[in-house]
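Below you'll find the structures, each written out as structure tokens.
Presented sequentially are two complexes of subunit A, the first with subunit B as partner and the second with subunit C.
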Partner chain A sequence: MILDRFEYLRPSNVDEVVTAITTEDEVAIISGGTWVVQQMGQHLRRPKVVVDLSAAGLSGVSTNQDTISIGPSTTYTQLLEAGDTPPFLRKVASGITGGIQIRNAGTIGGSACFAYPPSDAPGALVTLNATMVLRSGDGQRKVAATDFFLDALTTALRPGEFLEEILVPIADTERIFSYQKFRNVTGSTPIVTAGCIASEDGLAKRVVIGGAATTPVVVDLAGDESEDEIADLTRSLISHPWSDALANANYRRHTAGTMATRAVRAVREQIEGEER
Partner chain B sequence: MTTHEGVGINVTVNGESRDAIIDVRETLVDFIRVDLGLTGTHVGCRTGDCGACTVTVDGEVVKSCLALGVSADKAEIRTIEGFAESSEHLSIIQTAFWEEFGFQCGYCLPGMLFCTEELLKKNPDPSEAEIREAIDGNLCRCTGYHGIIRAVRRAAEETSQAQREKDELRDEEVWARPGERVDRALRGRESES
Partner chain C sequence: MVYIDDIRLPNMHFAGILRSPHPHARIVSIDLTRARRAEGVEFALTGAEAAEHTDPIPHFISPLAFGGKSTDVRCLALGKVVYAGEPVAAVVADSRQNAEAAIELIDVEYEPLPFVIDGDEALAADAPRLYEDWDDNVVIQIPFGGGDPAAAFADAEHVIEDELQIQRYSTQPIEPRGYIADWDKSARSYTFYGASQNPHPLKWVLSRALRVKESQVRVIAPAVGGAFGLKMHGHPEESLVCLLSRLSGKPVKWIEDRSETLLIGAREQTHRFKVGFNSQGKISALKDHFVANVGALGAPPGWGMAFLTGMSIPTGYKIENVDVLVTVATTNKSPWNAARGYGKEATNLVMERIIDLVARSLDMDPVEVRRRNLIESHEFPYKTTGGLNIDSGDYHAALDKAVEMIGLDDVRAEQMRLLQEGRHLGVGFAFELTPESGDIPGTLVGGFDTSTVKMSPSGEVTVLTGVTTPGGGNDTSILQIVVDELGVTMADASILQGDTLTTPYGFGNYSGRSMVTGGNAAYLAACDIRVKLVEVASRILETDNTDVELGGGFARRISDPSRSIPIADVAYTIYTLAFATATGVEPPLESTRTYLPGNIQQTPDADGRINIYPTYSNAVHVAIVEVDIETGKVDLQRYGVVHDCGTIINPRFVEGQMEGAIAMGVGAALMEHSIHDPETGVLTTNGFKSYLMPRASDLPMIETMHQVTPSPYTALGLKGAGEAGIGGAQAAVSNAVHNALAPLDITIRKMPLSPGTVLHAIKYREKELKK
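Right, the complex of A and B next:
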């Protein structure tokens, strides 16, 4: 039982969501509830209004011309089952911590909005060059995933605004990729994640590190760096390190360098394999 | 729907329709245990780590400590009490856990059993790695998991065996129909020639 009282709203479409979240009171938006409900149970979050998006028709994956549209309430299981899910995101969804139960309830948009640094979603969406479509009573605005994650547990979402859609450019989804994740055991939260999708000219030029810093870190490369250079560069870019009971900042920074090289190596090996 | 507390909901639990007045602050596991009195669904961590509170909601295996009870309005819920088809006999999966010492205290069973069922539905012949992956959202503090892995393997084999027997029975029924018998006989002759 959650101690603090709140009003529960379950809107059935986007307009009702806007109405529900337009209030002076503190609002918590839930979809699968896997983060927020346990936080409320521990009194870490005490909203006056809880808005449940599960019936608002915000799940599903579809392709429109040059973008893939992902509903924020799409669960990881739905991502795995949908035909239009980018292969990179499918790989990410298959390894979500917490087992079948969490993949069935947790949602990609929920994890993005919660912005917990070691979660897979923030780094994955930055790797995919996703655009976050935010909606409020004033209309829509689009924010690049790189600008969406402002700090640990903090996003660009303003009061009265919610994540309506995630857009992924289709061109990025069909190339060679690698997703490397380091964690203590299969069931534990990631320590560091590294995502790399080959560039248009077929090189590993961009690695995105999750878990090492408070927000995803983009490592831009020329494409011909040695592995030591990639590791050093990655470690030097972790300016706001994340630290928790599972791993401290130094450990995460060091691991980030290692995981970045693994991601690049995996992409390079696949590219070489194709050229042969 | 809007309310502070005391909202009327209707759920189907283990096949039975239940009306309830629920406080919106109740998590689904509290609703199931306290309001419905189905205490086979356990509470271990309330953080989604242990899996002891696992149920299915509209066919999806989920952890009920992470959901609000009110969100389950109009849903079909299956708890561990409804796992076997009848209260007289254990299911194939339950029997396999019993035979292979897949549990001691039984606290983790809701998660282990529902995840096994989900796994076997999608993959009737899982490898050890696939079994470990399927149960990775559940913690067991008694068995060291070895008995559980064996139990899931055994459940897989016995489910396949039961399916084969069912298929053979159906074949016999088909065989019994005169028209089909002629078809079969003709097909048999074609393949011989």
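Right, the complex of A and C next:
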């Protein structure tokens, strides 16, 4: 149960958001609220001001020239329904833990800003080479997704700043991909995710691991490695492992290698299938 | 349906309970000053103050009755805390929010003490001791067995020794616990609304703890949203909420948070066993010395589960030389309560793993090893070394049906084919014996129950019974028995349960007893009324009473069905023409009967054995899994069960019970695990993100087949059907996983079989093989 009184603001445009979050008081920004409201109920977070972005016009998916623009408040259900959603992200959205309630409330940007290591969003956005557009009273700045996730539950967002837009290069969304997600059972958050999108020259050269470490881990490949080499390399790159009641660090590290291998295998098989 | 949280009394207030953050600590001081000044707070209470007004909570099953040790359990800790989560102080406020906010303002100074959370470590001579007046942490040690195990082991051709650790896990009803107490100052009595399985015994417990007469307590159990043993009483919050109501002068409500439900433990046991057998797979000797880690000793009946795990060995197998020793250890984890299966699920898991280990060591078909050791259908009743007198069954037929149901030959062929591709399919069987409807001598765990059946002048039927329903449908099934007997329709009948003021004294709901006791009692009472209806109907229909049948709301001549009269008219006649047509038929149409099943033996036999169970349902489970040996993940692909609970009243409810229990057993086999941080002694799995339970998509469709072997010891041939399924499912899934991993020759000694545990075993084995 939420114990404290707090001010609730629901701005209707980006300028109002900036005004609302520019305060000395502790602010919690929510979009779907699936993480923060739960934390408030458990007294783990006790903000004085809650700013709800759900009416700020920050949802939707659209295509502009060479990028796809994704509103951070786009729910997983909206991602599944929107015509312009990158196929990779559609795949991610279809497997979100928590069923229909979470898919209808949880948002891609909210999950990214919460930066919970086992969540799908951080790894998925890094896989997509996304750019995070951050906004504050001082204007806009752009941060690559790889630089956005600093630590478990920590992002590059500064006080008074919020995620305004997610940009995904369109070229990356049209290629063959694989998203491998391992979880213990349906009700479990992901243990490890592995995203791989084929490179421009049609090889599996980059795998992004989520869940195994405090932030997404990028595994760069030459493209001709054996599966054992990919697994070993991936495991060696998990320098800040994540651990919780569902799986310890060793298990996550090991499974990161396995899932990386499966993602690359799936991409290679599709490429071979196309070549035939 | 009205559930506990739907009840709102005028001027109702809310309890907030402060719980200990330490697993073991002395309470140096408690300062309520700030909490008392907080917004909306009416009242606040410490353990020392509570102790001035209350006595310890009577144990549901006192270990003292069986030669063990006990301790006083109070509604608020007095002097020291023995587990993280123990209630320490409480407030009453005008809203739940204000109550929870106020408990944060209670200032408690603790002096932390060394603690122990591991069962084996608690038994060490230098372990921190929970109860200073005990000389160790052993609640009780109980031996079971018979024959000459030492000689039998010496003669055995083969002996296997192994170990199995069963994790701590619990039951999680959709509705958590909740209580409302309303002290009436002028009548000097409590009305207590509670999500409770046993309203009448709870009334006695509350009267003892609160120092009032039983007549000063009325317990009302509204509809319950699942219970599974968790809502059996002895919980500190029951008497605490009553005391808060009396001292604050307000009706007080408390609804449990899920993190509090998850504190309640069960089932953690480490078995170390030894089995002797010959080359034909016939088992001659069994030894199982196990330790149950029951956490701190609570007043609910949790610890007794370990007692019945031991008593139920060796289930339905003919093993004549048995040496069982149960050691119940207390630790600084939160207390147990009863959990569906009540310890017998552990017996079934361990026995079924043992059978598969024997089969593997002889390279025999595990089904065949079962066949060679199970009691045969002509050998019933069969008395086990533990004292259980097993009523009836045809275990071999059930086994054959399960083999056929799953298409075993095809499954094994598929298994061989997939193995060529490096895929590991496994099939596992489990026989399950579930002693049900128990009676524990010297406790209010009664093996009988009482029902009243009434028919009014308008022919409406009301059933009042001492058994309660946790939502599993026994209310409907009991009514079915009654309306069948009285020839009326379900629309004319209703049932009342759970109110101590209106229902006959009874023990409520546990041990798969509701139909066996309350159902049979209602049957006897309905028979009494039927006799009167038939007698008067025969006079109206001008025929012999052997020529009258009741059905569809009418009494009619068997010889001439066109001559009929509504049963309502017969009832009206009995009430209105008692001195004419109905003369000699004693009104009213009411009967209260008690059903005491046969086969319970409270007095020890020559070997000191008692039999606390009248009925023994059985089942054969079969599971097919695929294990991903790269991740250790188990995919449950098919599940079948052949179930025999004697006569079935309502197949839908029986199947519902079995399917729910199987889901619970699959959870137990693969994921459910209450984990305490070894550094802090605090429960880390305090929500459903960390305490994983199976969802519908984790389960295949459950294929169910019934076999009916009526019990000779109950009136309608019923056997219990509420508890079976958990141990069977746990064992079938575990055996299937081991079967899938047979090419690697792996034995996993820790439950649950989570991906991490399975992968660890595979990697460990791979390292061994390299050496």
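Assorted remarks:
Methods note: the second predicted complex is superposed on the first by the 275 of 276 C-alpha atoms of A that agree within 3 Å, B and C clash if a C-alpha of one lies under 4 Å from a C-alpha of the other, contacts with A are read in each partner's own complex, and residues count from 1 in each chain.
Criterion: contacts are C-beta pairs under 8 Å (C-beta built on N, C-alpha and C of every residue); 3 or more make two chains touch, one makes a residue touch a chain.
Note that this is a predicted model, so its numbers are computed, not measured.
Once the two complexes are overlaid on the shared chain, A:Gly187 sits against subunit B and subunit C alike. In the superposition on chain A, contact is made by A:Met1 with both subunit B and subunit C.
Judged by the number of subunit A residues each one touches, B leads among subunit B and subunit C.
By the document's definition of touching, of the two partners only subunit B reaches A:Val37; subunit C does not. By the touch criterion defined above, A:Arg10 reaches subunit B but does not reach subunit C. In the superposition on chain A, no contact is made by A:Tyr116 with either subunit B or subunit C.
In the superposition on chain A, A:Asp244 contacts subunit C only, with no contact to subunit B. For the contact definition in use here, the residues of subunit A common to its subunit B contact set and its subunit C contact set are 1-4, 42, 186-187. Residue ranges of subunit A in contact with subunit C, taken from their complex: 1-4, 42-43, 182, 184-189, 191, 244-248, 251, 254-255, 258. Note for the complex: subunit B touches subunit A at residues 1-5, 7, 23-27, 30, 46-49, 51, 54, 60-63, 65-68, 70-71, 111, 115, 118-119, 132-139. Residues 96-97, 100-101, 104, 259, 630-631, 633, 670-671, 675, 684-685, 688-690, 692-695, 697-698, 754-756, 759-760, 763 of subunit C are the ones that touch subunit A when the two sit in their complex. On the side of subunit A, the complex with subunit B involves touching residues 1-10, 30, 32-34, 37-38, 41-42, 50, 52, 54, 77, 98-102, 104-105, 186-187.
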